[in-house]
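Two complexes follow with subunit A in common, the first pairing it with subunit B and the second with subunit C.
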Partner chain A sequence: MEVDKGKGEAEETRKVAEADRDTVTLKSSDGKLFEVSKEAAARLSTVLAGMIAGGSIDDNGTDLKQIGSEALENVVDYCNKHANSIPSAALISSSISFNTAPFKEPEEWERKFVDRLSHDALFDLVEAANFLGMERLLDVTCHKISEMMKGKSPDQIREVFNIKNDYTKEELEEIRQELAWAFYDD
Partner chain B sequence: MLWNPLTNACAVVSAPAAGQQGRTIAGYAHPVTGRFHLLHSSDVTVSDDPDLVAPITDRILGARTDARTHQPPCMELTEELIEEIFFRVPTDEPAYLVRAALVCKSWRRILCDRGFLRRYRVFHSRTPPPLGYLHNLYFQGPIPRFVRTSAASPAFTTPPSLVHNKSWRALDCRHGRVLARTLKHDDRLVVWDPMTGDQKHLSVPAYPNGRSYNGAVLCAAAVSKDDGPDGCCDHLGSCCPFVVVFIVADADRTVRASVYSSETNAWSAPSPAVHVDHLFDDRPSLLAGGAIHFAIVGGKSILKYNLVGHRLLVIDTPPPPPPLPADFALDMVMTRTKDGGLGFAAVVGGCVYLWTRTQPTGGWAQHKAMETPNVTDDDPTTSGVR
Partner chain C sequence: MGGLAATEAHSWVVQADDMIVNYLKAVEFYSSETGAWVLLRESGHEWLLFLGRITYFNGFLHIPIEYNAVVSVGTKGQPWRVTKMQCEVHRRDHGRGYVGHSQGHLLYVNNAIKDDVISIYVLEDQDDEEWTLKHNVQSDLCFEPWKSMFSPTYYIAGFHPRGDLIFFYDRSREKLISYDMNRRDWHIVCALEDFQHAHHPFFPYAVAIRSPSPRFQLPSQRADFATRRSAHGHRGDPGSGGLHLPQDLVVEILSRLPAKSLYHVKCVSRSWRALISDPAHRCRLAQTLSGFFFCRRHPDKTTPPPLGFAGLDTSPPPLDDPSLSFLPSSWSKIWKLLASCNGLLLLRCSSSQPSAGSATGSSPPPPFYVVCNPATGEMLEAIEIGRVADEEFSPSYLMDD
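And then the complex of A and B:
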């Protein structure tokens, strides 16, 4: 019983120490460790917020087996940049505007953040943002990908998204005729 | 046979006589309207016997089920994330989503899903943007009757019945349908769905002493909903039934209303009459609080038609704000308030005034006013926020 109590106290001490820390350590699927601000992680990710509140953060690196090191590095980078950014006037004013759309346009730094990513890195980051419940990062990455469809023909979109055309030629021709207005600038 | 993939409704059309050689069809749904379009056909024996039709129905619906479970080998992202990306496509660029539907069959399936379209609308927290407007300025003038408000708006083809008549007037446009009246030769009301091209011709209710008229078209589902049509029907496709309200004023300004229902394909008997001081204004009607509201020339009163109860009522508009005299003819616009009731808006001295109905007294409350950024007024005593 004594030993058990000692173990319990040690566990308690470790949890207190962990609670005092300003950062949490995350471990990617390939075993790399990343430090991220606890405040930013809790604010930006519903999943990490839940883990922090529930005490299930591992001091030696919380396992995120679904996320690769490159994507996790980008997640951490985004959290750190977000913590340092000051909400723009546009974001503040939009909250009291008549247009109550929940989606807010990415800020300049968010645009730059996703613009520098490769195609694969961007797609991996979308999945990571979704897995971690990072609504804002999902907004920004999905917005970027939706912009990649802008002004493109179905052929060009397939190329960007690496998608195989499973329509027959006849099916496509028929649909194009029916919906000619959507292809006015092809 | 036609199949609407959104409703699973099937209908046999132009079926050859039993035992004759006919064709079964396969096709796709229009990503915006959900209308089913013929793609290719194959020869089979078709019968109007339900037992023989059923296997064809099953084949088409079965194919749909297979498509739902089919996972394309090429897609990098899950369907959930593809949806998230489609949500971020701007609402004022409908062509993007149509093009996306042509990328692969699984994308088309996502985009044609009624649940996706509903979530897309919720995501953008607002009603779909207008694709354009119809005007009655010139019957055959230099301005096209349909004016696009987005570069990607479809170029709707006016129904031949209206083009041939040349003189027609758009009375109303609501829930994806246009109500027009042909003015010469053949006097008719035409209900036209610009997205599908479908049209329905109605006889004009007979009012021998009619001097002034107006009309409204709305989804039948909105009739029984006091809080407006949002949520009760998303008006995808032309499958949902509709209602036309037609009001006529006699020379002595006695007004009656007739209602057409597409479900019964008949006009109702005229409603009990009410008296108005002036004839109808040309502006479109407003649906709010379970009633259709028609503007009356002069702006001092409006005509309210209760959808449930088939009853007309004349109600006074709010008095103009001081220092304007009470008899000042203020150009007021009917609006729908956030809670779905009737309201009014007017611009006076560079300010927008809004009025809502006060309950239970039935008076008007001016409860909000704001300065209009684009309306200037040189008189400092009449501008500013009140």
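And then the complex of A and C:
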């Protein structure tokens, strides 16, 4: 009896520990598992926060069928690096009427984080951030891509993003004319 | 007396107070952050003849005064400062000074009526004492000479925020035209046949969505991601061109680009151009200047004139409805446009005019200011009018950085 009772208590303790676990396990579309701090996940992702609050987190790996392993690895990496950052409330509270863009410039580590990614990895990460409702990560990745267009000529933009020019010469001239007077070249 | 508004990250409403005839002695500020009015008095003993259009730039209100000078009033209570143009002063010229800003500099336009010359001055540094002459143009090359007319033959509509362009309204030809200071050439933007003369006839406007976009919904509202995603197009969708992302994310990226880069992106491919031109997306993208609101001619002199809009881009129009029909219908004919800035408009709603509904017994609201966004139809702020406000004369400017 004594032993059994002790066993029951141990079981109880284990269950409590399970519920109090400070990480969540996420599963990519190709079945790979990643662990991320529960606190960071809840703080940085509105979707994960909702799942944690709603108890729909699977200890054996919460299925994220829309996110590939490379993108999920980057998401988890980002969450871990973001450990000492500002609370999500400050990021989300952008409802003041006269607020200009609530976006804050990427920090040094965020810049480095997106700079090392290939184009495809970056695009995958934008989609993952959008899917998970990670406002800050979406901001940082979109900012990075917009930086790749800023100050570039149409030819240069086509080259960076590997886009075919499907305009005829006449059409292009027409577009240039359309706003020529408003579009001032330095 | 005048009422004017300026907004920063939070909103400011300012009223010119305590004026003897048109001499400016004090300015009253309202900040939406504190919800209170603050009075700023002129500390010296200068007689500042208030001449109309005010602009807000770098924390100061800049107001043209007589003798080709500008008084700058700091929003933090700094002493008022008067700066002068380096030019011969013609007494007759006052009343036509126009102050504005473009590309990070304050600009002043002086129309020398006597010589039919338009002079543009620049204050390179806010601490400079004097303005320097930037450009001179013979106005009679384009407009009818003033000497043969009793009233102005043209109006200044505004500066382009990103280029050395000034917009004018040519009264004899009834056209909005632009003047390029570097190329020294004129372009006709559009015809405005129903333009109505007013003290401040033109309000530069650029479409802007000010409140947070609904892209971050609660998790419960966005469970059906797959549906949402297919609705916005998949990877390789022609709408996203070579940038392999769903359309809404491409727009998210483009929304971070300045107007100039957007023009370049427009030239990249047909699909990108279509994406940028789509009215559903355009309101999220940067535009430095979409066009000008102006007062339209109308026979009824007892009510404020209806609004018209002169767009700079050809198609599609930046606003579905420039008549601000989202305002409560009981307000019809009692509001007046005072100022515009960064996609927001400042209106003054006055109780002194009979409202359309007065016959049925509903009384118009007491006078107040309203800040609204015509692109989204939102009314963002209603502000009680400060100590003094004049019905007739309300030069104003709305600004944020």
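Please note the rule applied: the second predicted complex is superposed on the first by the 140 of 186 C-alpha atoms of A that agree within 3 Å, B and C clash if a C-alpha of one lies under 4 Å from a C-alpha of the other, contacts with A are read in each partner's own complex, and residues count from 1 in each chain.
Just so it is clear, a residue touches a chain if its C-beta (ideal position, glycine included) is under 8 Å from a C-beta of that chain, and two chains touch if they have at least 3 such contacts.
Keep in mind that this is a model prediction, so the values were computed, not measured.
Student: Of the two partner chains, subunit B (first) and subunit C (second), which one does A:E174 touch, if any: first, second, both, or neither?
Tutor: In the superposition, A:E174 touches subunit B alone.
Student: Using the superposition on chain A described above, determine whether A:N162 touches subunit B (first), subunit C (second), both, or neither.
Tutor: Both: A:N162 reaches subunit B and subunit C.
Student: Considering only the touch criterion stated at the top, classify A:C142 as touching first (subunit B), second (subunit C), both, or neither.
Tutor: A:C142 contacts both subunit B and subunit C.
Student: Look at the residues of subunit A and decide whether subunit B or subunit C touches more of them.
Tutor: When the residues of subunit A touched by each partner are counted, C comes out ahead.
Student: Could you tell me if A:E127 is touching subunit B, subunit C, both of them or neither one (first, second, both, neither)?
Tutor: A:E127 sits against subunit B and subunit C alike.
Student: May I ask you to decide whether A:K150 touches subunit B, subunit C, both, or neither, giving the answer as first, second, both or neither?
Tutor: both
Student: For subunit A, what residues appear in both contact lists, the one with subunit B and the one with subunit C?
Tutor: On subunit A, the residues that contact subunit B in one structure and subunit C in the other are 99-100, 102-103, 123, 126-127, 130, 138, 142-143, 145-146, 149-150, 152-154, 157-158, 161-167, 171-172, 175-176, 178-179, 181-184.
Student: Within their complex, state which residues of subunit A touch subunit C.
Tutor: 46-47, 49-51, 54, 66, 92, 94-100, 102-103, 120, 123, 126-127, 130-131, 133, 135, 138, 142-143, 145-146, 149-154, 157-158, 161-167, 171-172, 175-176, 178-179, 181-184
Student: How about subunit A: which of its residues touch subunit B in the complex?
Tutor: 99-103, 123, 126-127, 130, 138-139, 142-143, 145-146, 149-150, 152-154, 157-158, 161-167, 170-172, 174-176, 178-179, 181-184
Student: Touching residues of subunit B toward subunit A in the complex: what are they?
Tutor: It is residues 28, 30, 37-40, 72-78, 80-81, 84-89, 93-96, 98-105, 107, 123-126, 152-155 of subunit B that touch subunit A.
Student: Residue numbers of subunit C touching subunit A in their complex, please.
Tutor: Touching subunit A from subunit C are residues 7-11, 32, 160, 162-165, 178, 180, 187, 189, 210-212, 215-220, 222, 225-226, 241-246, 249, 252-254, 256-258, 260-261, 263-273, 289, 312-314, 371, 380-381, 400-401.
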